[in-house]
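The letters A, B, C, D, E and F name the chains in turn, as written, and every chain counts its residues from 1.
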C-alpha cells in the first residue's frame, strides 16, 4: 500500500471510530443535551474525516468533487439542524441535566 | 460479493426492528419519524441491491414527500393513537399468519438469490442490456426501459400522479377564492 | 420561524442549489441514476423548504395554485402528445423512432421530451399536494 | 478490507442510533437519533458507491443529505408551530 | 386511423382529463367529457367489428414487439368489455350533468369530470392491455379516481366508505403485485401471451401456485366476492348517483375480466381447474355470496344499499359461471357481465333521479312513485324485472345460460341456488314496486324528474329490453369470446 | 438457495406481514396508512431481490463492466413507488376530511358513530 492508501484508510477508520463513539455516546449520556454533544460533535467531524478518506480513495475525479459537495452540504446542515433542535428543546422547556438533579430527567415530554 | 449480502441482511434486520417499533408505538409523531428512517433504510437497501434509481426515488418520495405529508396530516388529526380494543386482534393475526405461511411456501421453489442464469435474467432483460445501445443509445438502461420500451407504463405512472393531485384537490383543496391573503375557510 | 434565524439563512442559501441539482438530475437522467420523476420531487422539495421556513403565503406567491394546475396538466399532455406525434408521423403510439429521420435521434428526442413531461407533472403535483395539506392545516 | 471494516462500523452506529430512537425518552432524543441515523445513511451510501466503484451513486447520497435536512426542518416546524404552512413570524398559538 | 383504434379509445379520456381540469364552470368540462366518451364508444364499437372480422387485434406500444414492450391484445372478451365501459360512460355522462351539479356543486365540477375521465381511462386501460404489470398501473389509476369520486358523496359516511375501500383496494392490488412478481421471477416475462406460453413448463412449483393464489385473492378483493365484499355496500350507497351508476355497472366487471384473463388465458384451464382447486373454492363462495347478499338486501331500508347488496349477489352469479370452467359457464358469465352492467346502470340511474326529486333513496321516498314520477318508476320496474330474470329482458338471457351451463355439468344444487336467488330478487324488487304502486306519496307535489335525467335512463332501459329480445349479438360475441378463452391465449 | 438468500426472502416476508398486520389491526387511520406503506415497500424489496445478480453492477452502462443487474424490476418498482405515494396522499387527504366531519380518526369510534346514525 502506498502512502495515499494508508492515509485514506486512517481517515476512513478514524471517522468511523468517531461515529461509533458518537453512537455509544447517545446511548450512555444521561439526558438530551449531553447526548446532543455526542451526536452533534461527532457527526460533523466523523463525516469530515470519512469523506476525506473516500475522496483520497477515489482520487482526483468527478467523484471526489461530488464527495466534496456532499461534505459541504453536511457541514452546513448538520450543525444547523443540531442547533435548531437544541433551540426547539429549550423552547419547549426541557431542562438540562445537572449532577444535583439526579437521575434521568429527559422524560419531561 | 458476500459483503453486499451481509449489508443487505443487516439493513433488513434494521427494517424489521423499526417496523415492529412503529407497530407498537402509540405516539403517531414518533411513528411518522420512524417511518422516515424506515424509508431511508429501505432506500439504502435498494442501493445495496444495485437499484440506484429505485433508491433515489424511495429516498425522495418515501422519506421526503410521504413523511412530510404524514406530518402535515397529523398536525390536523392529532398525534395520539387510542389503545387497541382487545376483541379485534385475533382475526388479523390469523389472516397474517395464513398469508405469511403461503408466502413462505411460495419462496421454496424460487430460483436462487443472485444467480445470473435465473429465468428473470435470461428471458426478456438481456435484450434491454444488449440491444439498447444500438436501438436507443442511452447509457442508463433503466431510463431506456422506463421511457421507451415500457414508456406506456410510465405514461400510466404520470397519470397516477396526476390523479392523486386531482383527488387531493377535490378532497381538501381550497375553494376558489382570491389567492391573495390566504382566505381562511 | 423568525426565531430560527440560522435555519432560515442556511435554508435560503441552499434553495437555489437544490433547484440546480433538480435540473441536473432531470437532464442527467440519461447517463446516470435519475430522471424526470426524481428531478420533479427534488424540485418540489426546494419549495417545501421555502414553505417550511417562510410560510405558505410566501411560497404561493412564487408558485400560485392555478399555475401549478396548468403545469401539472401540461406535463401529462406533453407525454401523451409525444405519443400522438409519433402516431401522426407514421409509427405506433409512443414510437419515438419516427420523431426524427434517424431512429436513434428520434429516441433521444422522445425520451427527453417525455422525461420533461414527467418532471413537470411530478414537480407541480408534489407542490400542489404539499400546499394543499399545509393550507388545510392553516385554515383549520 | 478497509471499506468492509468501515461498513460494519457504520452499520453498528446505525444500530446504536436506532436503539436511542426507540428508547426515547423525550421526543427530542428521538429526533436527534433520527438525524444521526440520516447522516450515517449518507455515509453508508457513499461507501456503497466506493464498494461498487460507481461515482454516479454519489448523487443519491446528496439527495439523502438533502432529504434528511428537509425532514428535520419539517419535524421541527411541526413541533414548534403545529402546522407546516405557518409563516412562523409569530410563535404564539 | 383504423390501425390505431385501441389507442384512440384510451387517448380520448387521456387527453380529455388534463384539459378538463383546466376548464371552468360546470358545463364545459361536462360537454368535453360527454363528447369524448361518445367518441370512445364509436371507436370501441368499430374495434369490436374489426375483431369480429379479422380476429385478435394486436397493437404494440412504441413499436416494441411483445415481450420487450407493452402490447394491446384485443380479442372478443376485451372488445365486449370495452363496449360496455364506453357505452355506459356515454350514457352516464349526459345523465351526470344535472345530478352532479345538484350533488357536488358547480365549483368542483371541472375536477369531478377530470376524475370521472380518469376512471374511464383506468378501466379501459385495464381492459385493453396485454401486460400483467400494466394492469396494475391502470388498476391504480381507476382505483384512485374511484376513491375520490366515492368520497364526493354528500353523506359524511361516504368518506369512511371511501377510506375502507382504499385500504381493501390497495391490499388487493398489492396482493396482485406479489402474484405477478412471483410469475415474473419464474418466467422472466410480464406479457400475458408470453406468460401463457412459458407457464406450463414450470407450473408444478410452489411459487407458481402461490402466485395463482395471490392473484386470485387480490382480484377477488377488487371484485367484491362474498367474504371480501365488505367495502362495496357502503361505497355504492353513499357515493354520488352518477358515480354509483357508472361504478356499479363497470368497476367490478373489469375486475371480473382480469380474473377471467388470468384464470383462462394465462394459467389455462388445466392448471386452474385441474391442478388447483379453483372451482372447489369459488363455487361455494359464489353460492353463499349470492344467497346471503340477496337475503340481506331484502332487509335494507335504503334502496341504493339494497341494490348494492344485489350487486354482490350478481357478482356471485358471474363468478359461479366462470368457476364452472366450461365454455357454457364462461359464456353465461360474460353475458351476465354485460347484462348486469346494463341493468344495474339503469337501476342506479333511477335512484339518482329519485334522489334528485325526493332528496333521498329510502323506501319511504319510493312510496307512491307511480303517481308522482311514473316514467322514473316504470324504468325501475323494467330494470327490476331484468334483475329478477323475467323473459324478454337481459337478465333472463344470462340466467338462462347459467342454468344451462349448470345442467350441462349436472350440478343440480347449483340450479336450485340460482333459482332461489331469483326468488329472493322477486322479494326485494317486489317490495319496492309494491311501495311505489300502493304507497301514499310522501310529498304529492313532487313532479317527474327532468328530461336530462330521464332520456339517458330510458336509453339504458330500452337497451335492457332490446338485448333481451334480440339476443344474437350479445350471445354470439360471448360464445365466441368463451371459445377463444377456453382455447387459451395464443389463439390468433 | 444459499443461506443468505433465504434469509433475505424470509425477512422480507416478515416485513410484509408486519405491514399487513398493522393495516388490519390498527384502529388509527394514519397508522393504517403507514402500515400500508410498510407492506408495499416490502413487496418492492421482493421485486428488487429478484433483479439482483451477485457480482453485477447497477444497470447504468460503464466502462469495463460486463454484468449488469436486471433493469426491468427497477423500472416496475419505480412505477410502483409512485403509485404508492399517490395512494398515500389520497388516503391522508381522506383522513383529514374524516377528522373534520367526524372529529376522530379512530376506526372503533367511527364504527360506533356510523351505526348510531
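Criterion: a contact is a pair of C-beta atoms (placed from the backbone, for glycine too) under 8 Å apart; a residue touches a chain by one contact, two chains touch by 3 or more.
Everything numeric in this text was worked out from a predicted model, so none of it was measured.
**Q** Determine the shortest chain-contact distance, in steps, between subunit A and subunit B.
**A** Graph distance in the chain contact network comes out at 2.
**Q** Identify the chains adjacent to both subunit C and subunit E in the sense defined at the top.
**A** B, F
**Q** Among the other chains, which touch subunit B and subunit E together?
**A** Both subunit B and subunit E are touched by C, F, going by the contact rule given at the top.
**Q** What is the chain whose Cα centre is as far as it gets from that of subunit E?
**A** Centroid comparison gives A as the farthest chain from subunit E.
**Q** Measure off the straight-line distance from the CA centroid of subunit D to the CA centroid of subunit E, and report it in whole Å.
**A** Comparing mean C-alpha positions, subunit E is 47 Å from subunit D.
**Q** How far is the middle of subunit E from the middle of subunit F, if each middle is the mean of its Cα atoms, in Å?
**A** 28
**Q** Indicate the whole-number Å distance between the mean C-alpha point of subunit A and the mean C-alpha point of subunit F.
**A** 31
**Q** Identify all positions of subunit E at which a residue touches two or more other chains, and write them in rising order.
**A** Residues 14, 17-18, 21, 61-62, 133, 137, 140, 144, 147-148, 151, 178, 184-185, 190 of subunit E each touch two or more of the other chains.
**Q** At least two partner chains per residue is the criterion; list those residues in subunit B.
**A** Residues 1, 4, 50, 52-53, 55-57, 60-61, 64-65, 68-69, 72-76, 103, 107, 110, 118, 120-121, 124-125, 128, 139-140, 142, 144, 146, 148, 150-157, 159-164, 167-169, 171-173.
**Q** Considering subunit C alone, which of its residues make contact with at least two other chains?
**A** 3-4, 7, 14, 31-34, 37-38, 42, 45, 48, 56-57, 69, 72-73, 76, 80, 83, 93-94, 96, 129-130, 132-138, 140
**Q** Following the definition at the start, I'd like every touching pair of chains, please.
**A** Those chain pairs which touch are A-C, A-D, B-C, B-D, B-E, B-F, C-D, C-E, C-F, D-F, E-F.
**Q** Within the complex, which stretch of subunit F touches subunit E?
**A** Contacts found on subunit F: 16, 20, 23, 29, 32, 36, 39-40, 43, 46-47, 50, 72-73, 76, 79-80, 83, 86-87, 90-91, 94-95, 97-98, 101-102, 110, 114, 117.
**Q** Applying the document's contact rule, which stretches of subunit A touch subunit C when the two form their complex?
**A** Residues 73, 76-77, 80-81, 83-84, 87.
**Q** Quick one: in the complex, what on subunit F touches subunit C?
**A** Its residues touching subunit C are 58, 60, 78, 82, 89, 92-93, 96, 100.
**Q** For subunit B, which residues count as touching subunit E in their complex?
**A** My answer: residues 102-103, 105-111, 118-125, 127-128, 148-153, 155-157, 159-160, 162-164, 166-167, 169-171, 173, 175-176.
**Q** State the interface residues of subunit A toward subunit D in the complex, per the touch definition above.
**A** Residue positions touching the partner: 8-9, 12-13, 15-17, 19-20, 22-24, 26-27, 32, 35-36, 39-40, 43, 46-47, 50-51, 53-54, 57-58, 61-63, 66-67, 69-70, 73-74, 77-78, 80-82, 84-85, 88-89, 91-92, 94, 104, 106-109.
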